[in-house]
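As C-alpha cells, here come the structures.
Both complexes shown next keep chain A, but they swap its partner, so chain B is in the first and chain C is in the second.
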Partner chain A sequence: MEEAGAKPRKGVSCLCCICDNRKAALKRPKTLQQICRECFYEVFEEEIHQVIVKNHLFRPGERIAVGASGGKDSTVLAYVLSELNRRHNYGLDLFLLSVDEGITGYRDDSLETVKRNEIQYGLPLQIVSYKDLYGWTMDEIVKMIGLKNNCTFCGVFRRQALDRGAALLKVDKLATGHNADDMAETVLLNILRGDIARLSRCTAIITGEDGPIPRCKPFKYTYEKEIVMYAYFKKLDYFSTECIYSPNAYRGFAREFIKDLERIRPRAILDIIKSGEDFRISTSTKMPEQGTCERCGYISSQKWCKACVLLEGLNRGLPKLGIGRSRGLDNETEKREMKGRSSDGQTRSIESKQCGTLDF
Partner chain B sequence: MACNSSACQSNCYRNQDDEATVEQDSLRTNKTDRLAATYGDSGDTHLCFKCKAKERMSSSEEGDDGRFCSDCFRSNLFAKFRQAVNSNAMISPSDKVLVAFSGGPCSRVALQFVHEMQVKAHKNFEASRDRSLHVFGVGVAYIDETSACPIPLHEIDRTIQTIQSVVSSLSPPIKDLHIVQIESVYSSNLSDGREKLKKLLDTVSDVTGKEDLISHLRMLSLQKIAAENGYNRLVLGTCTSRIACHVISSTVKGQGYSLPADIQYVDARWEVPVALPLRDCLAQELNMLCCADGLKTVELTKTSFSGINDLVSSFVALLQEENPSRESTIVRTAGKLTPFNFSRIPDLNESNGVPLATKRRQKRNNFKHVNSLSSETFCAVCNGPLNMSDVQTLRSFEAGQVSSILAGTCCSSCQFQILPKDSISQELLLSLLPPSMVARAMHGSPSNSNSLREKIQEFLLSDDEVES
Partner chain C sequence: MQLTLEFGGGLELLCDSVKIHNVSINPENGVGKLVMKDLLSWVRSNLIKERPEMFMKGDTVRPGVLVLVNDCDWELSGQLDTTLEEKDVVVFISTLHGG
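After this line comes the complex of A and B, so read on.
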C-alpha cells in the first residue's frame, strides 16, 4: 500500500520527490511526501487500481453501481472508477445509484450534484426514493418520531433501498465510497461497544457475497484527506453539507480521536485497519440464519425484515416498534413470532443491533 | 440495566437492590440521565448497598464503589483478586512470587493483596499440626529507570525510600526487596550498560517507539531479577483501565494479531510466567482503596512523551467518564479474541500439586489442558507473537536487498516505530540490544533455519526450498 521505496528528501523539498522534476505542490497526507500534483493523481489512482486488482473486486463484463450521495467520497469514487475503467480496460458497465431519503435542504440539493455528475461522467443515474419504496420521506418520519432514533430508520431503509435500486439496474455489484478513516472508525467503535461479531467482519473489502448484491469498498485504504485533496485539485463537483438530522456526537468522538492520531502518526489509520484484519476471532460464532422477509421478500434473518418492522410501526403510529432490543416488540408481533418459531423449530436468533444507530 | 458487571461478582442482593433503587429513584427524580439515576445515591439511606449495616464510603462518589461501606468495598475488590488467582492457578503453595512494585496505586494494591494471601497461608501453616502446608514466598522488585528517562535525583530517592518503608512495614513473613537499575538487562557491569542503553534509545527516533522499548526493557529486567533469584511467578498490578488502554493502543499500532497475548490473566511466554491478578479491577477502585486504607503510594512526575500512548489514555479516560463501564467493555471485547496457548500456567497436572479447588474450578470453567509447546515465533523486540503471513511477505519482499537480521524477526509495528529505516543503523541497533532480545532475533531469523537445513542437507532430495 505504501510507497516504501520513495523517501522524502529533505534537501530538495521544493521538488517533487517522486518525479524529481516538477515543483512539489502538496504534502501527501498518507506518507507526508512532498509531491507534485501530477504525481499525486498518479499514486492516488494507482493505489486504488492495485486494491481493485489484488482483491479481485470486479470481473470483466460486470455491471457495477456506484452508490452516489453527491458527497466527496462517492463523487471521487465515480470519477476514479470511470477513469480506471477506461485506462485499464476493466470492461465494466458503470452506473450511478442514488437514494432520495426525502430530506429537504439536504438531499434535494445533493441530488442536483449527482445529476450533474451523471452528465459530467456520462454514467446513467438511477434514483430510488423512500417515498416510492416505503411511502414515507425522512422529513415525514422525523415529524412523527422526532430526532431520536431517526437514523435507525434512515439506515435500515437505505440499506434496502440501495439493494432495490441495484436490482432495478440489474447490476452485479455495488461499490460504496467508504474510506480508510471510516473503516478505522468502525473498528474502534466495535471494540468500544463490544461487538465481536461485527468486529470480525467490518474490515472485509467485499461484503454480502452470499446476499443478492455484494458490496465492495475500493477506497478501503484511501485516506479521507487525500480524497478531499483529489476532489479539490481536480475541481470535482461535489456537495458538502452534513445531514441536517444527524447531530451524532458519539461518532464524532471516535472520529476526533482518529484525526488526532493521524496528526501524530499518519500510518495509524492503516494500522487500525490492519489490526482489524489480523484480529484472531474464532469463526465458530453462529451467524444468523438467512431467510427472506415474509412481507416483502427481502433477505432477513427474522420472519419480517427490519425495514418492514419499522414500517409497520410507522404506519400503525407506533414508531417505537422495532427500536432497541427485541423486547421492544409489541404483543402482536410477539405472537406472530411465536407461530413462526413453532414452525421452524428454532428459537428466534438473537436480533442484531440496529445498523444505523449507535446506542450511546 | 447498565451495570458495571465486572464490579460486582458477589452478586448478593445485587438484582433486587438494583431494581429497588431504580424504583425509588423513578418516584423521586425526574432525571433523564439514566446513569445518574442508577448510580446516584438514593437519598434516604446512607447505608452500604451490600451489608446494609454500615455507612457508605462516600455519598458523592460516582460509580458503583461509593455505594459500598469500606469493608464491603474492600472484600469485593479482594474477591476479584482471589478469583483471578485461584481460577488461573497463579499462585500455589510451592511458588516463589515476585511482585513488581512501581510505587503507584495499582501495584501497591497487588502487593497488599499478595501479602494478605501470604499472611493467611502462614497462619494456616502455623496452625496445622504437622506443618505440612507450604507457604509461598514473596519478593518485591522495583526497577529504577533513571538512565532511560531523566528523573530528578531527589524524586528517585524519595520513591526508593517510600518503597523501602512500604516493604519493611509489611508484617512477616519477610519479603526480599530487589531494587534494580533498568540497565541491568545488559550485564552486571552497570556503567557499561548505561552507555549502551543511552545509545540504544538514541537510535529510536519515534517517541512512542522509545516509550514502548523502555517498557519492553522493564519487563526484561523483571524477568532477569525473577530468574536470578529463583522466583517462578511474576505478579504485575496491571488493572482493567491499563489493559483497556493497551487494547486501543495496540490496535492503533497495528498489533491486532498479537494483542490477545498481552491481556490474559496469565502470560507464560516468558521464562518466568507473568500473572495479572488485578485484571478485573478498575484503576479508580484501586485508587480508592489506597486512599481508604491509607496505603502509601508514590508516583514520579511523568515526563511528557506526548505520543500515541498518551493520546490513547486520554481518549479512554474521556470514554470512561462518559460511561463508567466503558473500560470493562473494551477489555471484554478484547478478551473474546482467541488467546494463544501460552496464556495459562504451563504444566498443570496432578503431580504438580495444583490445589484441588483450582482443579475443580477449571473443570467447571472447561479449561483445556494443553501442554504442547507453542508453535508461535515471537518478535525480537516486543516478544509479541508474529503473524506468519506477515513474516512471509516481509521476507520475500526483502530477499533481494539483504537486510539485517532484525528486519526479518520483528513485527511490523516494531519495525515502524523502533527499528531505524536503513540497514546500517539496524545493525547498530542490533549490537545495542540486550542479549535476550538478540537471542530471540537469532532464534527467529531465517538464517537459523538455513543452518538447520545445512545439517540435514545430505538427506534432502530437492533443492527447491533453499532461499525461498
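After this line comes the complex of A and C, so read on.
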C-alpha cells in the first residue's frame, strides 16, 4: 500500500498530470498520461459513463443482465455499472447472468467467484448450463470432437445460452465485458478469415436489436490493461485462469499480434476499432440475408442456425458438421448429410443425447 | 537484497501455484545495483517451473503481463531499467485470460 510519505524512487518522482498533487501510479495506454490512483478511478469511471450516455446504451427502468463469468472484465463491469447506476441514477435493475459450459477445473471455479460477486455487489444471479440446454457439457463435446474447433462450439452455444438466461430473467438487454483489446482482435480475426458479414457488424456497440435480446458492450473503448489495473487497485475479486481448451484457438494469434502492437503504439488498438467501424462494404459484394432457423426459430442467415447444425452433428456422431467453410450461401449439402448418411455413405446409429428445447 | 515478488492473473501457476515469494537476490555487478532486467532473468531461472514463454518473451515480459513496483506501473520507472531497492514489492499480473 502506498503511503503519502513514501520516498520517491530516484528518477520516478513524477506527479499525476491531472491533479499535480499525488504520485503517479500508472501510465494510461490510451492517452500516455501518468496519473495517480484516485484520478485514474475518476477518468476510468467517467469515460465509461460517457460511452453509456453518448451511445444511449440504457433507458431508465430497464432490467439489464451483466454476462458474468467471474473473470476480470465481467467482474469490473458489474462493479462499475452498479456504481454508475447509483451515482448517475440510470434507474436500472441489474442482474448477473452466468453460463456453465461444464468445463471441469475452469468453469466450476469461476462460478464460485460469480457467487461471491452476487453477495459482494448485491446483484441477483442466474446460472444457465449447457447440460440443461443442450444435453452436452463442453468436456463431453471435446471428448467427441477432439481439441480443435472447441471455441466454435462453445461460442455458438454460449450466445444462445445467454439469450435463454436473459429470457428467464425477463431482462431488456444484456451487457457484456468485451473490451477494446477484444474488439480489435475480432476485427483482425474477421479480416484474416475474410468474414465480411461479421466484419461489418463486429464493431457495433449495440447488437442484436432485431433478435431476442439486444446486447451492448460498455467497455468497447476500454483498454484491458486499465481494467486489470482498476481491479488490482480496488482489490476486486476475480478469477483468472485461461480456459483449458483455448490454447488452440485461432484468436490467440490475433491476440499475440495486438499485444505486440500495443507495446509499440498503444493507440493502435483504438485505431483498429475505428477502422472496423468505418469499413464500408462494396455494393457489389453479396451478403447473407437474415432469416430464422427452421428448427428452433433463432435468427440465422442459413436454413438452420449454427447451434442446431452443431448439435445435430454431435448427436449423430458427425463432429465435423458445421465446421469449416461451406462454399455456397446456404448449407443444403450439410442438410443432406444430416438426413442420415455419414461421409462414408453408411447409415450410423449413434445414441442421440436428449437436448433441451431451443424454441424462441 | 530482500524483495517480495507476487504473481497474479494466472502466472502463479508457473511457479508451483505460489502467489507470493520472499526472495533474496545478490546483484551481479559489484556496485550492488539490481535492475528489472536482471530480476526478470533471475525469476525465469529460479522461480518459473514451467512454460517460461508464458512469462517472458526475449529479454522482457511477455506482452500482456503488467509489472508493478511498489504499486506503480513500471512504465513510469523505466521498465527494464527500473532500479530495485531493498524491501521492494514487485507484482507481475497477466491479463491474458478470459474476462
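The working rule: the second predicted complex is superposed on the first by the 288 of 360 C-alpha atoms of A that agree within 3 Å, B and C clash if a C-alpha of one lies under 4 Å from a C-alpha of the other, contacts with A are read in each partner's own complex, and residues count from 1 in each chain.
What we mean here is this: a contact is a pair of C-beta atoms (placed from the backbone, for glycine too) under 8 Å apart; a residue touches a chain by one contact, two chains touch by 3 or more.
Keep in mind that what you see is a predicted model, and the values were worked out from it rather than measured.
Of the two partners chain B and chain C, it is C that touches the larger number of chain A residues. Of the two partner chains placed by the overlay, neither chain B nor chain C lies in contact with A:Thr113.
Contacts of A:Ile281 after superposition: chain B is touched, whereas chain C is not reached.
Applying the stated contact rule after C-alpha superposition, one finds that A:Asp260 touches each of chain B and chain C.
Using the contact criterion defined above for the overlaid structures, shared-chain residue A:Ala24 touches chain C, although it does not reach chain B. In the superposition on chain A, A:Ser82 contacts neither chain B nor chain C. Residue contacts after overlaying the shared chain place A:Arg193 against chain B, while chain C stays out of touching range.
In the superposition on the C-alpha atoms of chain A, the part of chain A touched by chain B in one complex and by chain C in the other spans residues 260. By the touch rule above, chain A contacts chain C in their complex via residues 1-2, 6, 9-12, 14, 23-27, 34, 69, 71-74, 177-179, 182, 224-225, 227-229, 232-233, 240-243, 246, 255-256, 259-260, 262-263. On the side of chain B, the complex with chain A involves touching residues 208, 247-248, 250-257, 259-260, 307-308, 311, 315, 318-319, 322-323, 326, 329-330, 332-334, 336-338, 387, 390, 412-413, 416, 421. Across the complex, chain B is touched by residues 7, 187-188, 190-196, 199, 253, 257, 260-261, 264-265, 267-268, 270-272, 274-282, 360 of chain A. Put simply, chain C touches chain A in their complex at residues 8-10, 13, 62-64, 66, 68-73, 75-78, 83, 85, 91, 93-99.
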